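The next part holds the structures, each set out as structure tokens.
Next come two complexes built around chain A: one with chain B, the other with chain C.
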Partner chain A sequence: MGQNMLEVRHLCASFFTQKGEVKAVNDVSFEVPRGRIVGIVGESGCGKSMTVRSVMRLLKYPGKIVSGEVMLDGRDLMRLSGREMAAVRGAEVSMIFQDPMTSLNPVMKAGKQVSEAVRIHQHVSSEEAKRRTLEIFEAVGIPEPARRYDSYPHQLSGGLRQRVMIAMAMICRPKLLIADEPTTALDVTVEAQILRIMKNLCGTGTSVLIISHNLGVIAQICDYVYVMYAGRIVEQADTFTLFEHPMHPYTCGLLNAVASLRLGREKLDTIPGVVPNLLHLPEGCSFSLRCEKCSGICASKMPDLMKTGEGHMVRCHLSGKGGES
Partner chain B sequence: MGKNKRKDLIPENIPENIPENDPSGSGMTDNISLRSQIGEEEKFSDLLRRMARENKLAVISAVVILLFVLAAVFAPVLTPYKETEMDLLHRLSPPSAAHPLGTDEGGRDILTRVLYGSRISLLVGVVPTLLSMLLGTVLGLAAGFLGGKTDAVIMRLADIMLGFPSMLLAMLIMYTLGDGLMNVFLTLALVNWASVARIVRAEALQIKESEYVEAARVIGVARYKIILRHILPNAVPTLIVLFTLNVPSSILTESSLSFLGLGIQVPDASWGLMVNTGRQYLYNAPWLSFVPSAAIMLVVLSFNFLGDGLRDVLDPYQKNQ
Partner chain C sequence: MKYNILQRLLQAAAVLLGVALLIFVMLRIVPGNPIATMMGEHADAATIERMTAELGLDQPIPAQFCRYIADAFRGDFGTSYSLGKPVSQLMKAAFGNTLKLAVLAALFAWILGIGCGIIAAVRKNGVFDHLFMGVSLLGVSMPVFMVAMILQYVFAYHLHWLPISGTDSIKGFILPAVALGWNSAGSVSRLVRSTLLDILQEAYIDTARAKGRRQWGVLGIHALRNALLPVVTMMALQISSLLSGAVITETIFSINGIGRLAVQAISGRDIPLLQGTALFSTAVVILGNFLADCLYSVLDPRIRKEA
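Right, the complex of A and B next:
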């Protein structure tokens, strides 16, 4: 068994629209080591969600996976049939969504929805499924699990619903949990609790891949971070290095655009411009149009991911000279 | 990019004082919302009680429908006459003590015929509606959820059905199949399924895109189970309302068919048929048409009001408000 729970190699996924192919995920490779939490950050529309949906093989029309390998614990998910993939979903890899308000079936009791997963994958009796559900409710910190089992989603608060979602994703003890902006719809107090639960889960052997545009969330729980921009990974490093020594101008921009009480700045920095239209990407580096340090080569040639330190890779011609903020 | 989040980004200062899950609730925010949202599951009786409180008209309608059902069941007890019993000496007699609602051109008691007629009219309202809803729901769900070619074929078929004038279609089918109650059922079911399929398809398309269906797929629920356990139950409020709206339309179509001489035949009693025969005596014996018309109107309106009331009460988002 390899050291990585998930290895994604050269993943390309596109939307095939009437205006042409939109390369939303472009040659993305990353890995999630066993028992670790890995984060992917980036602006809206940079391909984060598309990447993880590709891992689940749940792209919606007209999105399609073009090429690439997704190795989950040594098995290539891309080669599985639809039926085999359905057996993997929920049992080996599971996912939670951004908005717990809409991710639960409003006419199904919370407990039933959670137990559905075990009943499908492990064919247990309904009593056993209920027992397991109450157990996992306890584990994700749902107070009065017996009563919550019979609650409908609308009777639960946002934090409780997200816990139910996590319970649903975790009840079969999957090898990998994908969290697509798990705390974006929650307030900060609940966010902290949910993150703690996810961190605890990680202690029980499940690897976690978390997507966020909230750098605070990433900083709190991730071991390793990938930064995505316009469908490509532009920088990857362990969390400490990324926050202390960001190399890519985009990463620097992101970090500078976060409000901080300590620095006491009057005005927030922003990254000028908008994310480029993926139909008309610039010829060179996709960030070149917005980059302050853009020079001749940037506009003509797409840089490769280059190693700049232990486990630190940057997609920038100027890396090394790119400078820290 | 998280501009409104006041968060320190330096990793050494990762907040370690994340509140533990206190057993009483789960943090401040949860406690507040918990209190307002502790609601036990709503029983069906509570639901009816709530409807009684909020929508009196719906309750009255339900009572009216119930009365008609009882009348249909107990017709033989409620009247001394038989619906086909002729009394040529008392043709077209106005309401009197012996015949509270008068008699028709064959001397048959109108009250009796309306009571017996409610058997056919209610059956004709409910049975074909159930049949057409079954057919329409299955096809609509298949079209909406599977999409692609299945969707195209089913929906073009529905378009053809809908594009044809429904009365003409019903007449054609009735003419081909011949008279009789069973054939009326079949005809009405065949005429009505297309609109049901369209509405159910629209509903399925919408529910299919919802995040909870996606969440179900994420945990590996099979497709047919998603349809049965996630999409269908969420379409139930729509289906119930559709049912209550289609029952009156079936009753009306049957009335029209009988009126045109294609449905139920004399001497059997159906409301539409009675209106038709009464037409010839409209000036000297208006009760012949008036009584069954009133019965049709009462039942149709009642079903409509009940449908409205149920729709309001069944919306899951409106529970506990």
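Right, the complex of A and C next:
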């Protein structure tokens, strides 16, 4: 048994559109160690959702995985048949989605949707499935589990729905939980509760991969962070290092753009420009067009991920010489 | 929920009464004397007057209406002028045929329409999708009489598989049912396809797949029930229009159903019969809508009122 629960190697996934291939995930490698919480952060359209959906092999048309390995606990998910993959989903890897308002089937009782997950993967009676559902409802902090079991999604609040989603994802005790912006649609107090639940679950042996554009969420619960930009990983480090010593100009920009109560700034710093069109990426570094420190080599050559410290990698020609601001 | 149903039933009764009044008044203000039509050219004025009095047509319209409604509650819709039999009896006989035709046509339309719609949606842009949607476009756009005549030509005249018309055996209903259901099959399959395609984009479909459901499980357990909601409304409207009589189909295949009876009543200025058939069609449409509402609230918990 390796040390990592999930290892993704050289993953490429593209949208095949009429205008051509859009390389939304471009040679991405990362890992989730056992029992740890790993975050992927980046702005909308950087390919983070596509990356984790590739792990589940749940890409939406016209998205397709082009190449790469996804090793879950030593087994390459890319080599599984559709049937085998379906048996892995929900049992070994499960996923919760961004918007709990639309992620539950509106015509099915909440409890049924959770117990369904047990009954797909394990041969248990419906009573046993219900008993386990009530148990996990209790565990994720749903008050009055018996009553909520028979509620329909529209009768539950956003926070409760996301708890139902977590219960559904966790009921088979998966090895890995993927959370795609799990708190984006929730208000801040509920966000804190949901994050606490996820952190507790992690203690029970499940590894967690969380994606977010919210650096606050990442800082609160992640052990290790990957920063994505235009389909590539541009920086990776443990959470403390990343927040204290960011190297990539993009990461610095993101951190500077966070609203803070402490500094008496009038206006938020922003990163100039917009995310480049993935169909027409600049020849060199994909961030070069927006980078304040852009120099000659940046416009002509894509930098490699380079190691700058223990577990700290940066994709920047300037790393180690002034990337840090 | 119970209160809701009661409320809907009362509404239905009110609509029915209103429609009865409208039909009643309209039939009496259109020009032309039904008695004169009934008696033929050679009847003299005295006879016509005597008949008018006998049938109560000389009384004021409100009085006539009250009597009509009172009789209708007892199941008496008057006696047909042209056929000389009680309207209720004529309609009962005709309804048997219309019912068989409607049920067969609906079964044909829905099984075919829902089946093809699902396959077309699942294999979007595949061979079957293009084939089914092409054929269903024909289904929606071809008039009933044309389908009917093509069917008669191929299956009755050429192949001799089925009778060309008549209702002696259930076999006689097959061609008319297909001709009548053809159109509905086309619209149902197109609606099923488009709603299902929308539903398959919903986030909860991803959730279902993420918990390990395979394609047909996702479809059968999560997508279909949501996709059927608008289809149920369409089906209710279709069955009520099928049940209230298919004039063209019944005429082409010589089936003595409600539709033909209505045509007969119109051409003969047969007021009691016309009132009877019109009222019947109204009742069937109201009932169909009522059932659709009930079914809708069974299928969709969001519509149910909090108890």
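Here is the rule we use: the second predicted complex is superposed on the first by the 323 of 325 C-alpha atoms of A that agree within 3 Å, B and C clash if a C-alpha of one lies under 4 Å from a C-alpha of the other, contacts with A are read in each partner's own complex, and residues count from 1 in each chain.
Assume a residue touches a chain if its C-beta (ideal position, glycine included) is under 8 Å from a C-beta of that chain, and two chains touch if they have at least 3 such contacts.
In this text, all values refer to a predicted model and were calculated from it rather than measured experimentally.
Annotation: superposed three-chain arrangement on chain A; chain B versus chain C shows a clash.
In the superposition on chain A, A:V234 makes contact with neither chain B nor chain C. Once chain A of one complex is fitted onto chain A of the other, the partner contacts of A:V225 are absent, as it touches neither chain B nor chain C. By the touch criterion defined above, A:L160 reaches chain B but does not reach chain C.
The partner that reaches more residues of chain A, of the two candidates chain B and chain C, is B.
Within the superposed three-chain model, A:H213 lies in touch with chain B and out of touch with chain C [touch as defined at top]. In the superposition on chain A, A:A24 makes contact with neither chain B nor chain C.
On chain A, the patch touched by chain B and the patch touched by chain C overlap at residues 56, 58, 86-91, 94-95, 97, 99, 102-108, 113, 116-117, 120-121, 152, 154, 165, 168-169. Across the complex, chain A meets chain B through its residues 43, 56, 58, 86-91, 94-95, 97, 99, 102-109, 113, 116-117, 120-121, 141-143, 150-152, 154-160, 163, 165, 168-169, 172, 187-190, 192-193, 195-196, 213-216, 219-220, 239-240, 243-244, 254-255, 257-262, 268. Within the complex formed with chain A, the residues of chain B that make contact are 1-11, 14-15, 18-19, 21, 23-30, 33-34, 37-39, 41, 210-222, 225, 229-230, 233-234, 236, 316-317, 319-320.
Residues 56, 58, 60, 82-83, 86-91, 94-95, 97, 99, 102-108, 113, 116-117, 120-121, 152, 154, 165, 168-169 of chain A are the ones touching chain C in the complex.
Against chain A, the residues of chain C that register as touching in their complex are 201-204, 206-214, 217, 221-222, 225-226, 299-302.
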